[in-house]
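Got some structures for you, see below.
Next come two complexes, and both contain chain A; in the first it sits with chain B, in the second with chain C.
Showing the complex of A and B:
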């Protein structure tokens, strides 16, 4: 068994090594985009069951965003929703024999964490202005500036490590068990891996939303009145 | 362990592209569909609210109209009741007047019939009295009765005022009415008694009239001295009529 920290290049495009994770990412992207296109072709005022299911998904996401940020969900829907859907599909792709999920690789999780890092800056500046975004580092008082700056990096780093660790460990454990005990024994672990994949996708998306909401709120109005659910999620992070 | 920064950048680029694509082909269309449906639902609710308001207004208008109809109905009923009472009163008064007229006519007819019946009865009573008197007279001695009537005649002549006696004496013709033709002696006796009562000599013309029943009467052109049962019965009948 190869080291989960190693990624073998399938081929190269210039200096860029194209690994299985990247190819799998492209496949997932194609499936999601084509599937989304097919599913949303015929939306009408008299919805079918399919449309109702899609609207339920989007409405649930909007409700989650609204309850977490207290703001309109439209600016965050695409980013947060896509993060959740991509990570979920990527995590569950491990169920396909021979497929290693992209989220089990350092580069993918790091890229997602980096996107969260930059999205916090983007949404913070767009929501509260440059001054407001910078002022969010001085919350609750200027003494906290170095710690807040360090936190802005470490929190996304923790997201990256958490996602990578959970998914990679699940794949690694299933691979070890499968190599030792045959095909049927890893099934409970694979079911557990399904749950883990769902939970990790949810945690990653919710934390990204919390970080963005906290930055926008603190930049606009000062220290936010912590919502119990949000505080709990922050504590988990 | 090796970390591929080219791979990190490519995956980040992939994620950005995926976010952009899904926003275009999934999140925005579905969110727009939700918004359209919510707007349609709001429109339907608004239309329903407007329809309900219109229905409420129509109901209120109908209720007011019904109240007006009820008031008008009460007014019409009251007017009809008053008119009916007036018609009833008129009919009652007219019926009362007609009844009074009928009763008055009936009373008049009854009175007339009673008068007619009474006159008939009086006439019958008179006839009956005459028949009774005749039968009674038939049982009495005729000479004695006539003698009594002759005495009554002379007394009556004696009671006459002198003026009437003088008029009687001056009359050209004096009839002495008898119920039956008297004998010559009776005529002489009667003539003598009358002349004695008058105090003058008069010529008596004896006339037989069975209707007198009994008694003698003196009659001239301008004078009558009743002294018979016929006259007495007529006087009694007259008194009876007056008594009624």
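Showing the complex of A and C:
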């Protein structure tokens, strides 16, 4: 059985090895970009059915961003929404026979997590300035600076291992069951995989949003502390 | 088959099996607590189930780590190279 940690090259463009995951990533990106262009080409105040469905999706994204973090969704909608839709489509692309989802490969997930890492810096600096972003490391107090710096790397690492592990294990289990039991037996597992794919895409987007919002908020005015008594106790200890 | 590869296989199986115990118990407790909360306050079901899903994914990560470790042992073992 092939190792799920390695990916075989389909062909080479110069020195660059092109794997199936790269091809699938580009196909998904093309489908999403062209689909988004076609769907948003004729927007009107009297929406068609397509536009209503699209507005439902965007509205759900906005509501989720607002409810999970309390931040205004407008600056983050593009990044978080793209992240969610891309991971969702990538996870569900395993339904097409012969296609392995690109998120089942370490490289794709590492790239997505790196995007989240840099976007935390980007949104943090944009929302609170360079000083504010650096100050967010010293929250709740300066003793935490090394831990916060370590955390900013490890949380992103755990995000990408989580996405990789979930999607890859689903694909792996289906492969094993199909090779042991036969053609139609893994169908319930594939249904379960649909749910896992949706939940993982949601988790990834929500966690990215939470990290960004936490950095922006802490950089802007420190952690919210509604109870003055607890803050006094913190100062004493 | 030398004893290093046998040890790797046994350890991979142990990592997955024991690594699944803790998250299974923890997920059971989390779901039970969420059910309890929804039964008490059905109007907060949306918030509770959203937080539950995020929490479940967090808990599940520990099991996934064990799976990744066992895959490393089986497929990318530095000692067997």
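Here is the rule we go by: the second predicted complex is superposed on the first by the 223 of 237 C-alpha atoms of A that agree within 3 Å, B and C clash if a C-alpha of one lies under 4 Å from a C-alpha of the other, contacts with A are read in each partner's own complex, and residues count from 1 in each chain.
Assume a contact is a pair of C-beta atoms (placed from the backbone, for glycine too) under 8 Å apart; a residue touches a chain by one contact, two chains touch by 3 or more.
Being a predicted model, the structure only gives us computed values, none of them experimental.
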Open item on the list: Residues of chain A touched by chain B versus by chain C: which partner has the larger set?
Closed with: B
Open item on the list: A:165 in the overlay: touching chain B, chain C, both, or neither? Say first, second, both or neither.
Closed with: second
- [ ] Tell me which partner A:6 touches in the superposition: chain B (first), chain C (second), both or neither.
- [x] both
TODO: Could you tell me if A:184 is touching chain B, chain C, both of them or neither one (first, second, both, neither)?
DONE: neither
Open item on the list: One more residue to check, A:143. First (chain B), second (chain C), both or neither?
Closed with: neither
- [ ] Mind sorting out which residues of chain A both chain B and chain C touch, each in its own complex?
- [x] 3, 5-6
- [ ] Please give the residue numbers of chain B that touch chain A in the complex, ascending.
- [x] 1-4, 6-12, 14-23, 25-34, 36-37, 40
- [ ] Flag every residue of chain A that touches chain C in the complex, lowest number first.
- [x] 3-6, 67-68, 158, 161-162, 164-166, 169, 199-200, 202-203, 206-207
Open item on the list: Under the stated contact criterion, what part of chain C meets chain A in this complex?
Closed with: 47, 50, 53-54, 57, 60-61, 64-65, 67-68, 71-72, 74-76
TODO: Going by the contact rule at the top, pick out the chain A residues touching chain B in the complex.
DONE: 3, 5-7, 15-17, 19, 21-22, 25-26, 29, 32-33, 36-37, 39-40, 43-45, 47, 51, 54-55, 57-59, 62, 74, 77-79, 81-83, 85-86, 102, 105-108, 110-112, 114-115
